[in-house]
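Just below sit the structures, each encoded as structure tokens.
Look at the two complexes coming up: subunit A is in both, with subunit B in one and subunit C in the other.
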Partner chain A sequence: MIPFLLRRLVQSIPTLLLASLLIFFVIQLAPGDFLTPAKLNPNISSEQLAALERNFGLDRPAWQQYLLWMGNMFKGDFGLSFQYQQPVLDIIWPRILNSLYLAVMSLVLFYSIAIPLGVYGAVRQNSPGDNAINVVLYFLLGFPSFFLALIVIYFILQLRNATGLDIPIGGMTSNNFDELPVFGQMLDVLKHLIIPALVLAISDAAGLTRVIRGQMLEVMRSDYVRTARAKGVSERTAIWKHTFRNAILPIVAGIGGLLPALISGVGFLEVVFAYPGITPMLLTAIGTQDLYLIAGFTVITTVLLIVGNVISDILLAVVDPRVKVA
Partner chain B sequence: MTHQGEVLLAVNGLKTYFNTDDGVVKSVDGVTFHINKGETLAVVGESGSGKSVTSLSVMRLIPMPPGKIVEGEVLFTGKDGKQKNLVTLPEAEMRKIRGNDISMIFQEPMTSLNPVYTVGDQIAEAVMLHQNKNKKDAMVVATDMLRFVGIPAPEKRVNEYPHQLSGGMRQRVMIAMALSCKPALLIADEPTTALDVTIQAQILDLMRKLQSEVGMSILFITHNLGVVAEMADRVVVMYGGRVVEEGDVVEIFKAPRHPYTMGLLNSIPRPGEYVHVPGQPKGRLEAIPGNVPNPLNLPVGCAFEPRCKFAVPDCSKAVPALEDTGQGHMARCIRWREFDQAQHEVSA
Partner chain C sequence: MTTTVPERPAKPTSPRSQSQFGVAWSQFRKNRLAKIGGFMLILLYTLALFAPFIAPDGLSNYSTSNITRFHPPTPIHIRDPQTGGLTRPFVYQYGQQLNMDTFVNEYKPTETRCPIFFGVRGDEYRVLGLFPGTLHLFGTGAENPNCKVYLFGGEALGRDLFTRTIYASQISLTIGVGAVLISTVIGLLMGAMAAFFGGIADTLIMRFVEVLAAIPSLFLLILLRSVFPQDINPIFALYMILGLLAFIGWGGLARVVRGQMMSVREQDFVSAAQALGAGNGRIMWRHMLPTMTTYIIVTLSLSIPGYILLESGLSFLGIGAVEPYVSWGGLLSQAQEGGFASITQRPWVLIPGFFIVFTVMCYQLLGDGLRDAFDPRKRQ
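Showing the complex of A and B:
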């Protein structure tokens, strides 16, 4: 296990370098830089501008900026955000964590919706229930998640007005968050997470449900499930122990890749639900060409992708004895 | 060596049909045969003749839908001594029979074991289901069974996964699993087809040895007549979903009464007849012309008529009856008496 992790670490270095190089120079392709609005402002003198340029390192050629940034990154310094005048890591990490909470919550709901529905669809293939699930899920898939979120918000507001229930429809914490005990705080965050997470999960569930249904159908026809039935196992054992266990193998292999995809996936919902995740901050950063913030975020996403893939590999080795982590 | 014992399994007029988009496929169309206690019955036929569907119907493992047992009965006397009709038995009762009274081994040992569980787990599963044993005791039984089927170092193998074993070893594991509850009937669906020849012989030897130790009956499904000669007491030849000939193995090999059986016997390679010997004309292996008829569109009369070199116009009028030709030998051919006559003249 340890040599495997070490090797994966070494293998990830070129990936990281290439990703950082790409993102850094793609940002450079956009015309202007962070100081362009300032340059257009007649109230800022050219001396001030030159000082700022020197300060931000924007007077040097791009490759020098890149090398300097890379060099600092190996020391754990992701650079300074132009806009916030603070170390990039300090300001984006809490935001990324918030997004991760939402992403993981949505992932959990995603699987708890898609797995039962997919298994049901396979066991009762082409039944009215299977068809109804398909229609509803594809209908939801057809909605952009932000639009679905708006509809959900509308209905929750109606519900709130009708019943007086305090269902949160935005933000991450209630107003009295600081006065709550630790456990109460966790519950409060959970309360705020559940609706955006659910919206995202159900709007995407069609794909995974379909994959699980297809996998189940394929494994259900396999020889070893017939062997299990010939042994006299119950239908429940045949489906869950013998079929499902094998049907999820390709899905387990794909879990790691979902992590960064989900962070960008939750973006729309963070905007609609005014949730303090990374996406609203990133959008502003891209608009103002806050170079190191964007690059820093990309590097962290790449790291998450690599970590996620390692987790997938380990998980797959746990569930599939034919796969060896080595 | 005919067994005049009691009947263990009697299949009467079994019809298993499949509903497909193109129409109803009559995979098994009125099959009748029986197996006595301790006997080995071989069911022979080409792919698509309905032999596998027959065995899966006995186990009630036909995927339903699209399959359906539309008619007939399967009378089976279990280890408890009671005779039951497996076609109408409730599913919960049927589960107690599967793996316990009747167990099955399949053609493909490579894909018939679940890749994510150890072979020990998979054998123990059957033991735990039918013998009220806990996991630990069941694993001991599993190890004993692996030793019983001649797997070296069973204590080690019991914790291995299927992918760590060779095809022959896996088929031994399948046999160990099938025999773990000492069934009264073992259904072997082409158990050696996917194995190479030396391993085939080992597996057949093993099955014969275990049969004499356990005392079970075997329903042996195959298309290999060499295997039939080696294993079976009696033979049922199937074609187009029907039994076309049935009888004692020696009798059938010596005096087949149905042209299909004759064709099958003539297509067995024999040394010297088809191997080119210098100075002699090149021998050729005889083949039955044509293909198995489309199961959606079987001939009105004898299903074999389009391929039969003895066919006469009467053959295509109606399905011939399965007639007794003497000494328990049955044939479904309107001209069997002529073949009988001819064979008597040859031997006279």
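Showing the complex of A and C:
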């Protein structure tokens, strides 16, 4: 398994380098350079400007600038955000963590919704329950996640007005967050996370449920499941051990490819729920042309996605022993 | 002596062979849901084409003296409240009053009635940018400019939301589809090139596809959007978003095309074409790519909903269409204005979202119908 993982890791390095090259190239296309907004800022002195210009090597040709930028990033220096007057990494790291919480939470809910529904649909194929689930999911496929979120907010607000229940729908923490004990703080964040995560999970679940149902149906007809039944294993073992484990292989292999979409999907809900994640900050960064911030976010999420890909490879190796040999 | 004209032998009625498309079409016609989806889409596009005629107001008309910010929808009455008899449809004019308890401007219907006329003269427009007109399907005429029909209510600047929604359909319905078409062409071209030339071209293109897939699409779009200035020309902004959507989406198709082309390249008909002296371009376009027609039609129709959703999302985030143009997603962003707690006071701003859902559903039904129609295993 180790050589397999190493091989995948080595393979991902060129992708990462090329991605950084693309990001750098796009930023080069942007009008002006990193310092254009800074030059307009009266708070930045000309000595500082000169120092920045030297640091980023803006007087040198583009390929040298790229190497310098890459070199600085390896040392953990992502440049300076002009809007916040702070190193980029300090600003974006908490945001990235927040987004990751939401993404992980929604991923967990996503699978815990899609897997049971998909398996149920395959086991009780064409039953009224299966048909009802299919219709509802088909309908949900048409909803953009942010629209679903707005509708949910509308109904929660109505519910709140009617019953006076305190259902948190915005932000990540309550007002009295700092006064809460550590456990209470965790619970508070969890309470804020659950609704956006659930909305995202539900609006995405339709696709995966269909795939799982189709896979299950296909595997259920295969010879080895019939053999397992013939030798007298219980229905539960036949479904979960023999069918399900084989049916989810393509899905596990696809988790890595799912992550970019997940991070993007989280972004929309962050905006709707005013959650302090990556995307709201990125959107303001566009307005202020804070290019280092945008580049930093994009590079770090790309790195994280590649890490996610490796994790999904490990998962695949755990579920499918054949991978280790190959 | 008479000669008889020999009777013409009746044409042998050979069984007409059906083309692949003929079979698919007859299969498609059996699928009722897909037909409904297709019909509704035709209806939607007609609506979008004649948007200026159907909308009672101009795209960006609002009064600076009579501010109608978030005007509630005006119900249309057809019965006279006094006599109870049928009359010409009318709406009440709404007046505003500051509620001294909540300090919120409240809209209340007044006694003034505004009759609704059909086929009124109003704002000038051009259908397709060519045919000028002033006729509108319905409206209250020019007698009392402060008395208007707000079928879906008003939006943040007091413009008629129904008008905006209908106009927005022009953008929402075309950008997603256009982006899919362009990205399909790019995907075909890149995939075919990678397979045909192999070697460095193949490595470069496939690496590029990998990189595009590795960066989260939303962030890539935001990054690419930041290349363009904020105060961009509204028309140019539409082309920009079209281009960006097309640019990020071609990777998956290019991979599949490459795989298919690689296997086709080795087949006899390609060698035959080469032996006959056909050029690279001809072999690619006339001999190799047509083997993928079915696959492309099906993926095309199934990926349109995704693009419409993505476009609406971008407009919702404010990186899509720019004022005065707007798409359904952009209209939804008004639900966010002034903090989401105020959404309960103006639920009608959510209406454009249902247009997105409806369109996406129609495309899904159509796409599923096409997929089944081309799938030999699902023939009836």
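Some observations on this one:
Just so it is clear, the second predicted complex is superposed on the first by the 275 of 326 C-alpha atoms of A that agree within 3 Å, B and C clash if a C-alpha of one lies under 4 Å from a C-alpha of the other, contacts with A are read in each partner's own complex, and residues count from 1 in each chain.
The working rule: contacts are C-beta pairs under 8 Å (C-beta built on N, C-alpha and C of every residue); 3 or more make two chains touch, one makes a residue touch a chain.
As the structure is a computational prediction, the values presented were derived from the model and not from experiment.
Overlaying the two complexes via subunit A leaves subunit B and subunit C side by side, clear of any clash. Of the two partner chains placed around the shared chain by superposition, subunit C is the only one that A:289 touches, whereas subunit B remains out of contact. After overlaying the two complexes on the shared chain, residue contacts for A:132 are found with neither subunit B nor subunit C.
Touch criterion not met for A:68: it reaches neither subunit B nor subunit C.
Contacts of A:245 after superposition on the shared chain: subunit B is touched, whereas subunit C is not. By the touch criterion defined above, A:97 lies against neither subunit B nor subunit C after alignment on the C-alpha atoms of chain A. Look at A:298: by the touch rule set out above, it reaches subunit C but stays clear of subunit B.
Across the overlaid complexes, the C-alpha centre of subunit A sees subunit B and subunit C at an angle of 90°, to the nearest 10.
With both complexes superposed, C is the one of subunit B and subunit C in contact with more subunit A residues. In the superposition on chain A, A:190 makes contact with neither subunit B nor subunit C.
For the pair subunit B and subunit C, the model built by superposing on chain A gives 8 Å as the shortest CA-CA distance. Looking at subunit A, you'll find no residue that touches subunit B in one structure and subunit C in the other.
Across the interface of their complex, subunit B is touched by residues 221-234, 242, 245-246, 249, 319-322 of subunit A.
Against subunit C, in their complex, subunit A makes its touches with residues 14-16, 18-19, 22-23, 26-27, 29-31, 138-139, 141-147, 150-151, 153-154, 157-158, 161, 169-170, 257, 260-261, 263-264, 267-268, 271-272, 274, 278-279, 282-283, 285-287, 289, 291, 294-295, 297-298, 301-302, 305-306.
Subunit C meets subunit A in the complex at residues 207-208, 210-211, 213-220, 222-227, 229-230, 305, 309, 312-313, 316-319, 329, 332, 335-336, 340-341, 343-344, 347, 350, 353, 356-358, 360-361, 364.
Across the interface of their complex, subunit A is touched by residues 59, 61, 63, 95-100, 103-104, 106, 108, 111-116, 118, 125-126, 129-130, 161, 163, 174, 177 of subunit B.
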